[in-house]
Amino acid sequence: MEEKKLMKGNEAFAEAAIRGGCHLYFGYPITPQNEIPEYMSRELSKHGGSFVQAESELAAVNMAYGGALTGHNVFLSSSSPGIALMQEGISFMCSAEIPVVMLNISRGGPGVGGIQPGQADYRQATKGGGNGDYHVPVFAPASVQESVDLIYDAIPIAERYRNPVMILADGMLGQMMEPVTLPEHRAVRSEAELLAEKPWALNGHGDKRERMVIQSLHLKPEELEAHNMHLEEKYQSMRKELPKYQIKNCKDAEIVFVAFGTMSRIVNEAIDQLKTEGITAGLIRPITLWPFPEAAFDEIDPSTKVVISTELAIGQMMEDVKSAVAGRFPVELIYRTGGMVPTPMEVARRAKQILEAIR
Amino acid sequence: MKTVFEYTRGMRPVTTTYCPGCTHGIAHRLVMEVLVEKGLLGDTIGVSPIGCSILSHDYMNVDMCESAHGRAPAVASGIRRALPNKTVFTYQGDGDLASIGAGEIIHAAHRGELFTTIFINNAIYGMTGGQMAPTTLIGQKSTTGVDGRKKEISGMPLRISELLATIDGAVFVERVALNTPANVRKAKKAIEKAFTVQQMGLGFGLVEVLSTCPTNWGLSPVDSMTWLEENMIPYYPLGNFRCPEEVK
Amino acid sequence: MAKGSIRINIDKCKGCELCVASCPKKILKIHDSTLNAMGHHPVSVTDKENCTGCGICGLMCPDGVISVYRED
Amino acid sequence: MATHKYFFAGFGGQGILMLGQIMAYAAMIEGKEVTFLPSYGPEMRGGTANCTVIVSDGPISCPIIDQATCLVAMNQPSLVKFESLVSPGGHIFLNTSLIEQDVARGDVIVHPIPATDLARDIGEERAANIVMLGAIHKMVGGVKRESLEMALKKVLPESKAHLLALNLTALDAWKQK
Amino acid sequence: MEEKKLMKGNEAFAEAAIRGGCHLYFGYPITPQNEIPEYMSRELSKHGGSFVQAESELAAVNMAYGGALTGHNVFLSSSSPGIALMQEGISFMCSAEIPVVMLNISRGGPGVGGIQPGQADYRQATKGGGNGDYHVPVFAPASVQESVDLIYDAIPIAERYRNPVMILADGMLGQMMEPVTLPEHRAVRSEAELLAEKPWALNGHGDKRERMVIQSLHLKPEELEAHNMHLEEKYQSMRKELPKYQIKNCKDAEIVFVAFGTMSRIVNEAIDQLKTEGITAGLIRPITLWPFPEAAFDEIDPSTKVVISTELAIGQMMEDVKSAVAGRFPVELIYRTGGMVPTPMEVARRAKQILEAIR
Amino acid sequence: MKTVFEYTRGMRPVTTTYCPGCTHGIAHRLVMEVLVEKGLLGDTIGVSPIGCSILSHDYMNVDMCESAHGRAPAVASGIRRALPNKTVFTYQGDGDLASIGAGEIIHAAHRGELFTTIFINNAIYGMTGGQMAPTTLIGQKSTTGVDGRKKEISGMPLRISELLATIDGAVFVERVALNTPANVRKAKKAIEKAFTVQQMGLGFGLVEVLSTCPTNWGLSPVDSMTWLEENMIPYYPLGNFRCPEEVK
Amino acid sequence: MATHKYFFAGFGGQGILMLGQIMAYAAMIEGKEVTFLPSYGPEMRGGTANCTVIVSDGPISCPIIDQATCLVAMNQPSLVKFESLVSPGGHIFLNTSLIEQDVARGDVIVHPIPATDLARDIGEERAANIVMLGAIHKMVGGVKRESLEMALKKVLPESKAHLLALNLTALDAWKQK
Amino acid sequence: MAKGSIRINIDKCKGCELCVASCPKKILKIHDSTLNAMGHHPVSVTDKENCTGCGICGLMCPDGVISVYRED
């Protein structure tokens, strides 16, 4: 294991992608993730890779598709409105089954909004704004170290399912520095190894096999339905295999918070503060936002008084929380929006109010 | 007995879904003939965006991928950066390249991406049923301009070769037509040069191919050839706009 | 004897007449009374003897229907 | 479990983020837990800069603070804006070279340091941040002196390596006040 | 009332928009909605309006924003992947509070997919793929007549809330012909009347008032949060005021289908077929998909055995159905995807199987 | 005593957030002076897309709207079609117009939309912190090209005026610079003509304004002016590329 | 409540959609409920065309049919593909000019009409659809003759108004078979 | 008497020196010992008598700081 390094989130994310084997990066500047393309522009050529500053996010997502359909690993990053511009491309890659790892360092919206951290891209990430029946697994790290690990791990996950995978972090994670242990560089695969592992990848038929096609259009609805059913099977596997969450003393908590990413760290401290006031509170931290870790909610003690979705968004995750809770507990919301971030004390105070209203 | 003409093995032995007399078929064949003659068939990846030719991957005997409407140049850029030793081309219609994909083609040229674009200018949206394209001629009828294109409303038709030729990275730009045997032969030469430019790593190359769309023009295939000659060529002059010394 | 000859893959012909219009010898014609599997009237040669084997019909056919041969 | 929550604030150009980073590096060198959270965005363009550094012996859950145990105000607006952030009994370091105003609160420990003047005295006005760092280290602690020196070496870009000696001097300049 | 006309769906929709007062149309060809731009290109100039064939859907949505921010009514239409390309623009218009009526004649996805009818843009429409906290009311007509009426009515709704409104129809509705009664032409408003009604609209200050600004960027998070709270208030009003649905014998039904649009018509006939087999079934037809008409689900008889979400999508609406049912009944799914459309008999057969499995 | 120079009432009496010496301020003023002199201030709608100048609506005394990054020409087209009797302009940076918005500007020109574009070419992305723009010069350093732009990787810088001048509907295209008093005066003349073209309904007009970004160039404002003169003008020659007879 | 479910199928170019539209117009003219649902998409390019028309005295819930009460097959592939769609006791109209094959089922009423030949006889091969329409009207009903004539006038584009007489003749041509 | 004179709105000056560099008479200078509310050292005139009222400083100032007057 390497020694710890103090790194700015965005730079650590870029380095994690490189070590994970993404030697192709296509991106367009947008705050608060500019350190990523900047880092890639300096570092990728050292690994025999390629950095292209795309003319737009629309171009970037399509370059990513092009790069990845050759079997090479591609990393893509942007921030909220830039991700909105990629929706057609994301839906396309799902339909064509092309694995790409995408990072959204999200900010406040809607529209241009602001550049301070937000989580209001929850719906954009988990429900998708592309057309049609598709899903993208979404991971939500809470620290620089976890981001690094999730990005690194997302690469083989995307490959395994032949599907894009998204990491949803926010501007705060991108801009802060924490000590991180960087993972080892994955072994570089030769072109032949790559093609052996990814027999679907295009590389020219070399007059040795039938020509291959990567497609998204299926004019015959029978064929499109069959293809969609095939995709749905993959999504079902993901639903079984991917859900990931962390639980903190839910056993005898009056309040169970649900929070992801940066917000979960604030909630963690709020829980400590509540404890000093004699209120026991627990936390469910979804690490996958899609598939949403519904099983976590079975671990809530029946004596719990309220489940509180705690978000930098106006109740976006709350919809999934309600669905998972399925009427077993009242579900309440604590949120800030537009780039405002509550302090732990603020969360604790509002939680107390909610609890008192229920008691 | 000598074989003077035979269908290239670059084309798969299937029947295309193109309308009778549509020159997409000729253009396809020329590209494949060039790749066969250059020995590149096995080392090529083609990109077919949405448009009548989206199914060209069923016809062309090379690895191919579809792309979203207009985005083929971005996709090709991605492929080419991933595979620096392969040959890559896009095959795009005029709605695709000149309208929704104008930004992408300009920036592929701007970066001097090392791929070749075959640009089929048939002055109309084929696949969607004959709507006006940026290349539709003044007075030409379309389903979104039933009285013919008017300059006041839609501007003058866009001349893509002239526009791209102003970009340094577009080192090869030529406009050809498929209306006569002589022009078909010239078209093939241009396509060949464009791929040579790519092989030599000189920059981005584009061949604009004036083509027919008998169905949406409402003309017979033979009359379409005449219409192309009499109407398109005067506005879209044939010829080379840029060619590197090395290839001349 | 004819200098050249052509072979027509009737099943692929869409009857577009591009070959007909471009044959310098004007020896191609749509065969009105035949229908191929696609429902098109395919092309046929009216005067084999006059074929020069110039190859133009093959060049202009969008559908790879015609092969052209010439005496060495 | 000792936890220090530093909040550094000043003009852009006063080396606020560097100050925070050196502190964070020093903490990491000692194997402590640490988070460094800068303000970001266009308000930084020629405007203000600030950052939060938390140093702790145990895991740090939250990088955002309700209260700081130590505020460094390098200019007047920073004092006005962030004075209330300090926890009772906490420390406020004032760059008295640029701040005339007094701290209004009585429940905090105030350290007036004419950092900019002291730095100018040793030949580099821009080392005021390091002067302040030395003072914090002495009066609040949190990390060891060796760690600070190692961190300084890490943070100085190669092109500025020749400034190391000057910076080491700056670390002790607070004594001159 | 005018006499009935037999009209192709798409042309009727275009005419409804014109009669409703939308004299600006910006669009880009895409099957199966091409008759709309084609119709507009012929008709709009007759009403002193303007048709622009945009260079892309991205341009179209931004032209729509430009046209509508002057206070004029704008109509926008596209199909699935075209709508995906508009997500940034939709989020932007919500943030800038610009009313536009948008029509999605949806097809099979994901990606390019196919052109046969589908409902798999449900999530795209109702959850949105733009960034940030925003919502778009979505109406789902089931007949050409209802489409005409909903488009016509959507125009003042968009104006009232200063928010985009979407009509989600599918290719079948766009392509079929039914007799329709067209609504009256709304009175044409003079420029002055328009500006009196929409004091926020830009028209030049005429040296008579302060300059006005329409914006989406709010760099100060406090301001962005305040703006988002203001938007959220509107969304709360919409949640109260807009939900709309139709119910068919839910009182003593063993099965309650939930279906919208085209699919609801198939279900209607399936219900008749089930009746002949002695099975009573009812239907909840959401007419608004967002806000989802949760109240409708309170009308389900407690004796009902199963609620079946019936979709041309793989369980997209089912998520909202589950949430509305909140554990009161089992929720099952009948679907086809990728442009396949089930016949009534097929729906009846599968519903019977589901019922038998539950009994 | 005669007033020789006074800040125009077209500018609001506020302090901009631009960096010291940034020539955005000069360009703003010139546009507003022209509108005041033409008596158009009250009849104008401006469009400011994302970029350093997104807040120009706080400075310019006309009705204005923001637009998404790159899409100002589409927004302006929409406004202009809705308000055929008003004056409309966009004020766009080079990242905005030449990169993400390349398609939109080309098609506004293609349709000959009746608005005016002020195109600020400062050879860099300002707002986001100095990344490479399509207009960044060879060798020029940026945060996504720390060793300077290289032709092999990023192509040669895009010359927008030359490119747009090939489009029929772009009836007025001129490149100016803000580096000297004489050039500032010429810039104003060009802007004035561009608005005249719009008033006369002749077509689309664009003025490319070579500008400085001292902050991201890492130079003092005064040195930036020199850098502009010595580096930008040689690659981006000043002058008129297209002008209708009526306005000459 | 009488409900007719027509299914018209043939080559593109045989006027299948026009056939359906005339029927739909006629029904509407009579104040009946009607839906017309065409197949659409690129398969139509030179390929096949078909449409469903439902005519009913009461509201029509569903425009999609499980079974047709009346199938018109204008060419051979249409018969093969859609024969099974017809409800027992339903009608199949065969364009025997282009269909040699027999209907395999025994539970339907078959009407062999050499529509293309009959149309050619009256001078316009492309009026075969109208010939068929006349036959359907006679043998299955659904709408009145006047309604059909009015519908014909509505559907014929102005430019083809001169073809009205010919089309009216075509309506009766089935009698000649 | 000076032919011209200028008025400087010190509070808006960002001290960029563009006017300083372009004044043909070289009579403008940044006033190092003053700081305005924005924290910039504003410009000032070193030699009022030499101002010709040419207007160039106003023309080159990006921030509308300077008004210029000339004797009629």
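Going in written order, the chains are labelled A, B, C, D, E, F, G and H, and every chain counts its residues from 1.
Throughout what follows, a contact is a pair of C-beta atoms (placed from the backbone, for glycine too) under 8 Å apart; a residue touches a chain by one contact, two chains touch by 3 or more.
This structure is a prediction, so every number in the text was calculated from the model and none was measured.
The minimal number of chain-to-chain contact steps leading from chain C to chain D is 3.
Centroid distances built from C-alpha atoms place H farthest away from chain E.
Work out the mean CA point of chain D and of chain E, and you get 55 Å between them.
One inter-chain figure worth recording: chain A and chain D are separated by 34 Å, centre to centre, where each centre is the mean of the chain's CA atoms. Chain H has its Cα centroid 87 Å from the Cα centroid of chain G.
Shared contact sites, meaning residues of chain G that touch two or more other chains, fall at 41-42.
Looking at chain B, residues 19-20, 50, 54, 66, 68, 99-100, 102-104, 106-107, 110-111, 127, 134, 154 sit in touch with two or more other chains.
Touching two or more other chains at once are residues 31, 55-56, 58, 81, 88, 92, 96, 111-112, 114-116, 216-217, 219 of chain A. Contact residues on chain E toward chain F in their complex (touch as defined above): 24, 26, 50, 52, 54-56, 58-60, 62-70, 72, 74, 88-89, 92, 96, 202-208, 211-217.
Residues of chain E touching chain G in their complex: 4, 6, 31-32, 114-116, 171-172, 175-179, 262, 265-266, 268-269, 272, 341, 343-346.
Put simply, chain F touches chain B in their complex at residues 99-104, 106-107, 109-112, 134, 151, 153-156, 158-159, 162-163, 166-169.
Those residues of chain B that touch chain A in the complex are listed here as 12, 41-45, 47, 50, 54-55, 57-58, 60-68, 71, 74-83, 86-87, 103-104, 106-107, 110-111. Touching chain A in their complex are the following residues of chain F: 50, 54, 66, 68-70, 95, 99-100, 102, 125, 127-129, 131-132, 134, 143-146, 154.
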